[in-house]
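Letters are used for the chains, namely A, B, C and D, taken in the order the chains are written, and counting of residues starts over at 1 for each.
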Amino acid sequence: MSKVTTATEAVKAVRDGDTLLVGGFLTAGSPETLLEKLLTESTARGLTVVSNDTGTEHTNMIKIMKQGRVVKVHGSYIGANPVTGQMLIDDPDSVVLYPQGTLAEKIRAGGAGIAAFYTPVGVGTVVEKGKEKRTFDGKEYLLETALRGNVAFIKATIADKAGNCFMRGSTKNFGAIMARAADYVVAEAEKIVEVGELDPELVTVPGIFVDAVVPSEVKAPLKTYV
Amino acid sequence: MDAKNRIAKRVAKELKDGNVINLGIGLPTLVANHVPDGINVVLQAEHGILGAGPAAEPGREDPDYINAGGFPITVRPGASFFDSATSFALIRGGHVDVTILGALQVDAEGNLANWMVPGKRVPGMGGAMDLVVGAKKVIVAMEHTAKGSPRIVKKCTYPLTAVNVVDMIVTEMGVIHVTDKGLVLTEIAPGLTADEVQAATEADLIISEDLKVMDIGN
Amino acid sequence: MDAKNRIAKRVAKELKDGNVINLGIGLPTLVANHVPDGINVVLQAEHGILGAGPAAEPGREDPDYINAGGFPITVRPGASFFDSATSFALIRGGHVDVTILGALQVDAEGNLANWMVPGKRVPGMGGAMDLVVGAKKVIVAMEHTAKGSPRIVKKCTYPLTAVNVVDMIVTEMGVIHVTDKGLVLTEIAPGLTADEVQAATEADLIISEDLKVMDIGN
Amino acid sequence: MSKVTTATEAVKAVRDGDTLLVGGFLTAGSPETLLEKLLTESTARGLTVVSNDTGTEHTNMIKIMKQGRVVKVHGSYIGANPVTGQMLIDDPDSVVLYPQGTLAEKIRAGGAGIAAFYTPVGVGTVVEKGKEKRTFDGKEYLLETALRGNVAFIKATIADKAGNCFMRGSTKNFGAIMARAADYVVAEAEKIVEVGELDPELVTVPGIFVDAVVPSEVKAPLKTYV
């Protein structure tokens, strides 16, 4: 049972109003092939995007946002995407910013059946607004709840046809956890191999989390953005 | 040596062999160039690297190996890679010994503001809030003033990154420790007087009885 | 085929291609031997394996590859390994399609008791509580009675493993679904009457209008 | 700076009254060399042991327990160690049992700076005794707090001299997370290599978590225990 399909086919999983989790940290691990097809082949709109940074000026998410199809963003560092920055100015509620570790942990919790957790990060800052604060052993913590998506787009260096993914170097970042926190997960892979060819010790994302595998054909330009 | 490198060199003297450190964008990245001989530190990058190395040589960039600023880097022997949840578990869990970062404002209580200027475009806090809360030691490395306007203030007015987290401030003018009693000037740059440092500082400085000349020697 | 294998064979018919399944110790492990042709399932072992395979051949045991009972096993192509926190994140997060396990008692509300008998030595719950809460479908596979004493009861009296989690019960006497209205007998073993099944069951059984002979054919 | 030392030296880290985290699931990943030296070379007592199963009748933890040096156990499945079973009978408060995933998550939280989390596991069972119960999105959850230790003993298949550990196959289990949740971590390794010889993609436990590396010389007998 091969999960390999085309990016054009795979992006049909994104429907109007969906929450889309997008892996990657700036350029590393960004699923540019899937985003390009979402840009050109899909009309899904009213999207909520969960992404560490919503990419950069030179990657595909900003183009989708310019089409007006993204109504809400959950992110952490948006300094490399001026459209997200403008969204925040125009409507402060449309962009929710979290400490990067809180965002990562919320997504992990979403995939791990944990409803909420207490983190010390953000206490005494704007992050605590509207959140429960509680003291454990004399230290204050904020309650943060889990975050999940309808669809996740992730990028692998190597995937096998059953969806097992190896993400090399610093490309694991958010994709590895988002794969566990969405109902439908699409992985684009630079190389697709037969089942059994990927060393079990190198599996970053087990295939059971992945619904579709597509060839990765578009690369993010390698630049410095911060 | 320019002011930024003098600051970075003084900060580097705080590092101990085996320390796990995280360097913020900008001036703090210069610290890596000044780590004393015989001291091996492990550079952590918050998006999932332990053992980050120098920038990749031109033409040998590897798009899978970038630093937290998106810049192509190398890794050192003994490096490892992991996802963002694991990386911030490491950070939040107190496994980073020293985090070194810039500031817009630091105040007498060790409060830090370094992620947004009211009225300006908001870039987001990224990993800074996690790093300063999680790290065992937080060092602010920055130029003493912003075009003459004090950055070391009585009370931060910009949105905070975290409360009461800064341990030490290193600028081109001197070294300041954050203590329960307030800000203590412990080292001063050659040729400056304590009054001159105070004049560039909004917060009140306690001058250490043992005030030394700022150590940026070998 | 003995009773245990008949039960296992019937349970195996519930599995769909691509399902991620977890098999408890004892009878449930037999299910792996009866997975229908053309159906590929991924066996999860709660201490950190996806894609567990058959037992290792004698003399070829690998101490790093054991199942949740400590037994040396092999893995299938496409397997992966991970730590216990990751493994239970997978389980708790709803990524196991079917968990199949034994019971001391199951009741009409789908409550399950399978980890301790009051007054006897307590082995601990292990991963059972996590598995039944996390899995999309929970199938109890067991012999209908314990030496004639009903295991399917009105209300569990033993300490619970979890509340309202069981979807389906398969025994050598038949197949019972747990519904909002109570326990529905949907299949019955050849040669038995519904009255005989009810007599071996403390809880009241609703007999399906569409009661079928228990399907353990090819 | 090599972290390699002897097991005899390394077990000195365990002091009277300490909480000791012990990796392993039954035999897989059990640090038997360290436990043997703790048995024969250390007199530390009044210990709290955190272990999934406290080993089996044929491994070393039971021998340490027979010396009366363990006063409390946090575990999940103790059916293969009759001494732990007897402890629970003699003093119900001396053995705290958790759902296995809750135990794993508590340890992960301990290493991750998370004070507490809400899990649905254990609701309606004896596990909920004394714990806060709270509803999120109509489903009930229990509040579980983080667990840490003074010392952790873990087992690696390969370690480098900086403490980077590769744990093969199903030996990762609890050791990989305990390494992050103790003040002092000792890894015994079947093979010890130079720094740089271990593939960065195969590191199960980064060396920064590990304080001492010792050669693994004692193996757990391979048996079925459940």
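Heads up, the rule we're going with is that contacts are C-beta pairs under 8 Å (C-beta built on N, C-alpha and C of every residue); 3 or more make two chains touch, one makes a residue touch a chain.
Here the structure is a predicted model, which is why all the values come from computation and not from measurement.
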Fill in: Geometric centre distance via CA averages, chain C-chain A, whole Å
35
Discussion item. Measuring centre to centre with CA averages, how many angstrom lie between chain A and chain B?
Written reply: 29
Discussion item. Distance between chain B and chain C based on Cα centroids, please, to the nearest Å.
Written reply: 55
Worksheet item: Using the touch rule from the top of the page, what residues of chain D touch 2 or more other chains?
Response: 105, 108, 112-114, 119-121, 168-169, 200-201
Discussion item. Quick check: what residues of chain B touch more than one other chain, meaning two or more?
Written reply: 75, 81-82, 88-89, 91-92, 133-134
Response to the item:
Among line, ring, star, complete and other, the chain touch graph is other
Worksheet entry | Touching chain combinations (by label order) | A-B, A-C, A-D, B-D, C-D
Item to complete: In the complex, go through chain D and note every residue touching chain B.
Response: 1, 108, 110-114, 160, 162, 164, 180-181, 195-196, 198, 200-201, 203, 206-209
Fill in: Residue ranges of chain B touching chain D (in the complex, touch as defined)
17-18, 20, 40, 42, 50-51, 75, 77-82, 88-95, 133-134
Fill in: Contact footprint of chain C on chain D as seen in their complex
25-28, 52-53, 56, 75-80, 82, 85, 88-89, 97-102, 104-105, 107-108, 119-127, 157, 168-177, 204, 219-220, 222-226
Worksheet item: Taking the complex as given, what residues does chain B use to touch chain A?
Response: 25, 45-49, 61-66, 68-72, 75, 81-85, 87-89, 91-92, 111, 121-130, 133-134, 159-164
Worksheet, complete the sentence: Residue set of chain A touching chain D in the complex reads 105, 109, 112-121, 136-137, 139, 141, 145, 166, 168-169, 200-202
